[in-house]
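Each of the next two complexes has chain A plus one other chain: chain B in the first, chain C in the second.
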Partner chain A sequence: MHSMQLNGRLVNFEAGQTLLEVARANEVPIPTLCHHPGLESHGGCRLCVVEVTRAEWDGWWRMVSACEFPAADDLIVATESERLSRTRRNVVDLLLARCPETPFTVALGRDFGLAKSSLAPRAEPDDCILCGLCVRVCAAVGAHAIAGADRGVHKQVGPPYAPPSFERPPGLAPAGDCIGCLCCAEICPTGHIRYENNAQGREIWGRSFRVVECASCGAPLGTPEQLDHFAARSGLSRDYFERCDACSKLDTARAFDQQVMGEGTS
Partner chain B sequence: MLIESVAALRARQAELSELWAGLERRVLVCAGTGCVAGGALEVHAALTQATEESALDVSLELSSCADRDGPGGTLLVESGCHGFCELGPLVHILPDDILYTRVRPKDAAAIVEKTLGAGEVIDRLLYKDPVSKEPRQGHGEMGFYAHQKRVVLARCGEVSPASLDSYLATGGFCALATALDTLTPEEVLREVEQSGLRGRGGGGFSTGRKWRSALRAREARPDSRLHVICNGDEGDPGAFMDRSIMEGDPFAVLEGMALGAFALGSTRGYIYVRHEYPLAVRRLERAIAVLRDAGLLGERILGCDFSFDLELTRGGGAFVCGESSALMRSIEGKPGEPRAKYTHSTDRGLFDEPTVLNNVETWALVPYIVDHGAAHFAAIGTERSPGTKAFSLVGKVNNTGLVEVPMGTTLRRIIFEIGGGIQKGRAFKAVQTGGPSGGCLPAEKLDLPVDFDTLTAAGSMMGSGGMIVMDERTCMVDVAKYFIDFLMGESCGKCVPCREGLGQLSSLLAQVTRGEGSESLLSKVESLAETMELASLCALGRSAPNPVLSTLAYFRDEYLQHIEKQRCPAGVCKALVTYRITEACTGCEACRKACPVGAITGEKKVLHVIDDALCTRCGACEAVCAFDAVLVE
Partner chain C sequence: MSEAKRLFVTPGRCIGCRGCEIACAFAHPVRRPGGHRPSDQPGKSRIRTFPMSAERHVPVVCLQCEEAACQAVCPTGALQRNEASGAIEVLTERCVRCMMCVVACPFGNVHDEPAMREIVKCDLCGGDPACAKFCPTAALEYAVRPTRNPPPKPLHSVAGGTRGQMAGAVSTTGPSVR
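Up next, the complex of A and B:
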């Protein structure tokens, strides 16, 4: 069994856990922004910083991101200090200056005692805090349709390598690989990624999709691209994806009943 | 030509060294990037033609110096950078030690006839001392060279970088031969450990320790491979040490990597070269091909049980790609973004396997260490920073160029004796070391010895060896803003403190240069700087506040003058200066003609006047005035 010190308390952990996981398991709160338990760590927001040291480090310490730093035996971790509060508040202040009108950052600012940013607001702000969640979820879905483009203060997320609209051959969509699954829009904490579901179908990243309906109940299912993609990725038959979750569960249950019980349920 | 065994290599080395020693003369035309841009290749061609037309015994290759009658003859080659780029194209004639500067193709005939033919020195092509204006014949008479100690740059400017023969003739591959036939890998590693070598790429991390941890990591995971990588990304503005080594002595870098691979049991290496270095890429690619043909790279090197090959990767073009984790991702074909290094790359680096990444200069020093022994190397420089360090000395010094000195040499000696002091006799103000995220040190610090720990303690750093000298006309706020803006453009944008922090620092500094803000602005700067240093993901963000913090530490008053008195003491910040013409004006009309907006009025021989409302502070008048009558205040 491994153990380390967390805010003066001896806690156990399993090999491979991050400091954030250990802290959460022990109900020690650490603020996070770009972390998502189901996705690869990013280490971009730096809100989850904590201080680590070791007895043999002779008073030397370092600030690390808890979402990435691996827990280790005999590590001494502090999740709260004057310096950490100052640092986290500055990080939030920087984000608030980046997105001064965005409800998400405004609320975050309030949590950290900032009614408004003490810094110069960005000249033409949008709602993106560059947490990278959308890019990672899209990669996890397997579409890899969006990425970070440019660098530094000019960094943006969006479909990469999109030729300018007037150079684009008709039919080629800006987000070339996007399957219209909406995962990015749903995970985005600030609502920066706009999309629309309407009578014609679905629009996201400047691209229009048809939406197909469940073969059994007629509920909207998703885009054909999305269903093709899931079929190809899972190796299952495309037919399997023609029905919505509820209907396919029902089908399975019926089939099960028929086989095992030899009679139908109705 | 395939060299089949260590014995055959040694025989070849002996034969070539003899040819080398027998040469009567060597004529070296600098073919570094600077001199090539100035027309060095044309100079070389003109010299070749002129020698062919003469009766002199001149060869273009070392091996062809053999079949001439009589001993030696003259070897005429293109060499790597001589270091004194300012005055190129350069032609150096040895052993006479005659250095010709600013040579043009039409000078070739005279050089061949007078100097090579009759042994005369052509005065008009010599370097003139900036202070005494006296001509100086060669390196021996020039402060620029006399105070240097060339170890890693020993061959740069001395041999043809394209010629394996010259490399072998000057001791090249002796170290690898010794390693292969008399040393064990462990002994090579121990030599590097005991030399005390510290990485030349930035942090000054112990090379031996890095190698040892990678080796341990690999031993712990026997199924994994160990990779060696050379960092040739050199993105610091104004730095060209690594470029000069890659261009001027490519075989040394490759031999160093082969020795590392031997010590660490690696079979695969990568050289990551900055995208903007086409000449370095060409020379290295050629050198790799030559070594493969010679059996010095590839399967069973020199017939021994040691196989190692190398691949060259061209950089992604961003400064941050020089950072180790970003560089490794870039080699893997992924976007060059840093990752948190909570697991060392010696443990999980390239392809998640144990990896040793070293800088160009670090690798190029390895053959020297194995050849001369750890103790010899450790005796150069200081105890904690052994060896020499190459610097690119630029800015307002008289002699700019590539220099190499023992660690522990004072800043004063580098700037005033080697650099020949400040241009136009102006006063020294500061020296910036350590690249864009280094720091600026003031005159009080001139007597500091240059080594890793002293520079860090003084609030700057060694970095990879950029050294920018500034004179009294430099505004330190403007300098800080320049570096912050550079870094702002180069930050990868992944993490908040660096990306947003640099943007905010830039706009805060812009306020200072406009004379706005108050003391509380400076505390805001300091508070942001602390957050960036503590919380940024990679070393770019963590060191990015250095230019501001070091100028605030040593030149705080200059910041306050801007903020409180709306004055830029150096007369640089455009919003805070006025241009005025003093009594010294002779009415020559030069400034009136130079002013692009017509803000200057005046008749011939009458004192001229600048209309402040029209003046755009472009400085054109000041630049043309021969009487120093334009005052900036």
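Up next, the complex of A and C:
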């Protein structure tokens, strides 16, 4: 068992845990934005910054992102300080300048005591805060259909081969690898990623998808691309993915009944 | 390991009262999206009893497969076996709702709950399944092995009430009542 100091308290941790995981296990709150426990950490938002030092560092310290920094023996970690509050508030200030009207950033600003940004707001704001959750969830699902493109103020998320953002294109190039699973839209904290489910099917990232229905009850299951992807990725038969959960359950009951009846008559 | 308790389903004993469904729904109240504040509203039942004929009913609930398809397909490791109870549980904070587990389960025992924006499945109530407690005929049993000839269990003994009428109605199906 390893141990380190967290806000002046000695805490135990297991090898491989990050500072954020150790803090959460010990009920020490650290604000996060781009973190998701199921996805790879990315250290993009810098809201989870903490100060680390060691006894032998002679008063020197580092500010690191807790979601990525591995816990280590004899580390001394502080999650609250004037410097940290200032840094976090600056991050929120920048996000508010980027998305001045987005309900999510406005609420975040309120949490950090900022009614509006101290910086000039972006001229044509959208709701994207570049947290990268959509890109990482897409990679986790295995589609790798979207990524961050460009740098700095021009950075944007989208499918490959979309024209560079500074040309201000009317629409993005359609996402060739998108499977239409909607995970990116589901995870997006600001609702920037738009999609539509309609009578024809589903639209997202400039692409239209057909929606496969359950073979017996007609409940929507997902797009054909999505089900093919699931089948290929899991190594399971495509038949597994043709029926909805309710119909599969009924099939299970029938199979169970057949078996019991067979035993009863024999 | 062989002495661990498991949930046994004996369809021949099921009377289709669907008490298990009610018990499950109340044991898993709806959690509001975002917060984790439980509400009074019963959630989606993870167990369902299907009538096959007038007298044959089959309860279907997660089998907690040894090699579970739901666990194998999950891209974020959100489905993990609770070694204490033996149940495969959904770690909601890790889940991204990609629906792979919902469609991958060949038995239809993983569900999406749109109201909660969560994936739900049987978690054996953390090691004390409510369905088995409320099953009046031991069609559902949480035990090391199923009993051979279970005595009828009057409903008032599990519900803690004195509903004589209900208890009588149930016990007439039991073997000890003429």
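The rule is short, and it goes like this: the second predicted complex is superposed on the first by the 235 of 266 C-alpha atoms of A that agree within 3 Å, B and C clash if a C-alpha of one lies under 4 Å from a C-alpha of the other, contacts with A are read in each partner's own complex, and residues count from 1 in each chain.
In the analysis below, a contact is a pair of C-beta atoms (placed from the backbone, for glycine too) under 8 Å apart; a residue touches a chain by one contact, two chains touch by 3 or more.
Just so we're clear, the structure is a prediction, and the values are computed from it rather than from any experiment.
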item	value
Chain B versus chain C as contact partner of A:Ala107, first or second or both or neither	neither
Which of chain B and chain C A:Ala55 touches, first, second, both or neither	neither
First (chain B), second (chain C), both or neither touched by A:Ala140	second
First (chain B), second (chain C), both or neither touched by A:Leu10	neither
First, second, both or neither for A:Ala115, with chain B first and chain C second	neither
First, second, both or neither for A:Arg243, with chain B first and chain C second	second
Footprint of chain A on chain C - complex, ascending	9, 11-12, 48, 50, 52, 56, 58, 60, 69, 72-73, 75-78, 91, 93-100, 102-112, 117
Parts of chain A lying in touch with chain C, wherever the complex brings them together	36-39, 137, 140-142, 181, 183, 186-187, 221-222, 227, 230, 233-234, 236, 240-241, 243-254, 256-257, 260-261, 264
Residues of chain A that touch chain B when the two form their complex	42-47, 49, 63-65, 68-70, 83, 86-87, 90-91, 94-95, 97-98, 118-120, 122, 130, 132, 147-148, 150-155
Interfacial residue positions of chain B with respect to chain A in the complex	318, 320, 335, 337, 339-340, 342-343, 488-497, 499-504, 507-508, 524, 527-528, 530-531, 534-537
